[in-house]
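Just so it is clear, A, B, C, D and E label the chains in written order, and each chain counts residues from 1 on its own.
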């Protein structure tokens, strides 16, 4: 099992955003986490990636506990993530963005930079190649020299994925990868995510667009008010009465 | 491409700066007197006083037709540069004044700048005379033969001050001077002299007069040890506040006041009644023979909004000494002028004698007779201060 | 093309002692170079990582006092003293940085301002060591290396120019390296940098130490060049002045610190008679710049030239 | 009556958040706005309240309000209970409510009456008047937020996802309260994810997707619509 | 023991001054997150306005204070409108840089207009009062009392009036405030007016026991920052408590430790606090 989430709880003041959630993500899997707004999906991602510390529970990645590690350490273990509102180094070039994704694999320090050591030169080349590879993977290599903040919204979303891919992670957390994207583009994005899975990345995604989720996910976890209310294949989930009620409300007329 | 513009800009600036070089060539019939001092920033008032004194002397000399050098009537020109009280700026200014304006003498009214200028003047050329307005003894110890220091060394005051205060009020001294370098040096010297005269010191309660808002705290602490005499001093007005605060808190003893504080300004804050028993340098109007005529001339030129004081007067006097020395030397060579300063000082006409001068010490100190005063029954009584060296 | 223009600028700088017969002018330019080195240091922390270190001048002071004291009191020659001065500044930078970098934004600025003022108070009050307000005078020049003597305005000018060139080289190399790109990336988006496995605290500390290194270098050169030193070079107002040069020259650019310093020192010198009044212009200018022209001269020109190039 | 024609909103260079939106709320109506996250509901509300600039026409009671400042729009009678509540957490509940009546502050008696009405509508709020708003539970804060909007005595009430983060029982209670407010004569524009619950109290509804209106109709028609079903549960 | 109480009284005077200056800084920071480095210079300007009110216009002490408050309130409004409002959405650092620009300008303006001399502010309340073995001048007692009155008045305004509540509303949630019909820009101007007015009042009060000079702002501003960090950036009661704590620390530190490093105490306290609590004391959790 690549990632194990066990009894994870997060409280902010009086509010319990994530309440005793457990699930597993096997290697090579696409796992979707769905639920209405405010259900705690993004918070769950924040816990896995170390952005927030969990109040209770444990997170295990490749058999090692990562619950209390700082965010950058978790990333170094092989968990990459994107953010809900597309988060980029928006004043840097697209290429530099992707380079930063690979940055943790390079050990270059100030002295290497000043003395132009062989290591600095080698890593410079490596980073550049890794970055280009990630950009090609995401289909935005032609934009490499543009400033990230100035490229189209859809390309920015691809760049966010490219940064994650450049980190050469084992697990990628995608937080609403297609929010605010038109339906045609959504289809293309679904292909990109599928491509990632085919390349061997394990994926965990939070998404609202059901068409995308149902088409992609191997299995789905449904959160509601911070609690896991269902888990299963897309077919199982769409037939689950608890899920339908959570989404459509108590007055189910349909 | 973008670098091109950047570089173009920087080189344009360099060129612009370079082009100013040739702009001012010296006209042979004027002698430039340089001045670098604080003309902006917190000490600007002080710097302007010095400048006014020099300007007044220069204008008077020119009005009288200047001096004769090499058989030719020569006038003076004062060029002032701001150094914001910073020694490195003073050195840069001195270099500029000497190299660009061909200044023969450069005046500077702060010890840091003077010491730095002395070091620089040893090495660079052309050489110039330094008109040092500071009572820092270290200036005289540099063995620099082109420095003329004007104000009396502060240690000259120790003996007369201690004599008066110890006799009148008692042997216990509290130190409440400002914590500037000058203030600390003063307090240290005074403490040693006091102890040598058989007194005791209750403690050091010094605070920074420039940044302290309310002196009550420091005064309370000092008074708690019941001193008979307190050493106070720093800028005049804060010194007044310290005295006033001590009197308000019931202090009946005496004050020895550092020479940085001037009675006429201290009086703006602390009325004469509160100054009873205070010894300090005499108010400017009683300085010496020339003051009586000087003050009306000064007021006519610069107005009455700023009173003439020791800074104005002594720099005025020093400038006249230098002018006379130039005439005697019949040259603008700094060493030649320096050789005549002593004679010039001794023969200075009474109208220019703000304070009495008795010549020049070997170390370059003008032997100006400073006069102290003690407030006795609401009146300033002169106290003679011996010449130092 | 760019390289050619830098070479031209360097050639002009090298030629200045031959173009100008009087050394006071060299002193002004060299003074500007020294300030520019410190401003480059400020640029590393503010321009690259977006943190305003208001105690910057205090680190300049650490470097300067270390050199001055080691030379005058311990009898060290200049070169080891300079190395020690830079090291002292970096070590103190590491100490202050490891604590202050836990704060952000305004807190960081206020924290560093307080540290800076405290250091300046120590310089002023520890008279036995620092000479108080008078400071330290008669700091000896660097010893000769073979026939090369450094006791004179022209050789000293070249030393300072060398230090400036080294500084610009350091900034260029670092800025374009992976390290420098990480600095700006963190300033741009801290959370994403963390998510990419970057140890943000460590990288920030690196930038802070590099910044204080340059401040220390500038301080050491200052002590050497002027031969005297006082606490008034280390106060908050000096940091403010350096900030002014940086903002006008262009925050975050390679040419900005030099251009801003030269332009303002040049203007200040040309306006000698207006010394008192110049901040009546510079103050509002600063406000207008951050509002309308936050990239300063260098940034503004690079934007303009980019527009020309796009045509 | 609120009439929106060809409304557009754009943040920077990105693709528009809203484009060509037409929408009306007639007197006495409760209209619901459905759509997934990021479909443009909140942008629409912000544009209506004047918090963000927009293109096109927004007319309220025959007046163009598209360029007005937020304060002027509130004064005209459009109050919003925004997403995320936007309460003043350290101020007491009472002060939060009284600030809701800021535009009508000269009418003291009206303010007192409005306060009384809010307390009657939400009895829980009356017990908490002295507590800081931030110390209340999510449901109670939602009540305060709606109450604060009502304090302005609006003619049109904008509610942006009032059920967000509330327990199912509270969702029902909240929507019941909205229905009651609407029955008392206030026009309501309600954004909801909880589609069926919202449609059960609304007269009409619009469905937004990617910043455009993709569907509109009566509440009952929308309840039966397959597209709505699909959009929300992907079935 | 007498020493202790006398120093307590002295600390109270200085604390009252610090409190009034820090309050204005805290109010502006709390409402708009602007660290106004020029605040000390507004205080300095206020002292000069009052000084000229008394010595040139001969309007008397209290009217001069009122004049200073009004003039500085206007200056505050102008600053908000011309300098700080346009930078609302700019990076925090830009706001500091702009404040430094204002500081440069005001400092130079004062020097050029008023000269660098110390000015002595005439006070009508120069008598010495003795009670319980303690000594104070009337003016010192007035500083303590007037500061207390002003603080109570400000508290009453913030807590008991609807207009005051709008300030807290804007501080806590600017968007929420706009949604209830409050104009946040007008509130910002009002806050700057109050902040500068308080500084002017503080300056007039203290000027008559101290001296006036163009550099008086510089010495007080960093202490004021130390105070508001101590009190939790932007908290009004925190600023008041912080001011008295710092004043007593200085007063007793100067008395029982060393007066030479008295000025360093404030900054030492500030550095210590931020070392152990990087977001300041009493900071709200995020």
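Methods note: a contact is a pair of C-beta atoms (placed from the backbone, for glycine too) under 8 Å apart; a residue touches a chain by one contact, two chains touch by 3 or more.
This one's a predicted model, so the numbers in the text were calculated from it and none came from an experiment.
When the partners of chain A are compared with those of chain D, no chain appears in both lists.
Taking the definition of touch as given, a chain qualifies here only if it contacts chain A and chain E alike; those chains are C, D. Taking each chain's centre as the mean of its CA atoms, A is the chain most distant from chain E. With centres defined by CA atoms alone, the chain at the far end from chain C is D.
Averaged C-alpha coordinates put the centre of chain C at 33 Å from the centre of chain E.
In whole angstrom, the spacing between the mean C-alpha positions of chain B and chain D is 75. Per-chain Cα centroids separate chain D from chain E by 42 Å.
Annotation: 34 Å between the Cα-based centres of chain B and chain C. Each of residues 108, 111, 260, 263 in chain E touches at least two other chains.
Residue numbers of chain D whose C-beta contacts span two or more other chains: none are found.
Multi-chain contact residues of chain C (touching two or more other chains): 125, 276. By the definition given earlier, chain contacts exist for A-C, A-D, B-C, B-E, C-E, D-E.
Of all residues in chain B, only 1-11, 13-14, 16-18, 20-21, 39-40, 44, 81-82, 84-88, 91-92, 95-96, 98-100, 111-112, 115-116, 119-120, 123-124, 136, 138, 179-182, 184 touch chain C in the complex they form. Within the complex formed with chain B, the chain C residues making contact are 1-2, 5-6, 8-9, 12-13, 16, 19-25, 27-29, 31, 125, 127, 131-135, 137-138, 151-153, 222, 226-230, 232-233, 255, 258-259, 262-263, 266, 269-270, 272, 275-276, 297-298, 301-302, 304-306, 308-309.
Chain E meets chain B in the complex at residues 2-3, 6-7, 9-11, 13-14, 17, 108, 111, 115-118, 120, 128, 135-137, 140, 206, 209-211, 213-215, 219-220, 250-251, 254-255, 259-260, 262-263.
Interface of chain D with chain A (complex): residues 13-15, 17, 36-38, 137-138, 161, 164-165, 167-168, 171-172, 193-198, 200, 209-210, 223-224, 229-235. Only residues 170, 173-174, 177-182, 184-185, 188-189, 191-200, 206, 210 of chain C touch chain A when the two sit together in their complex.
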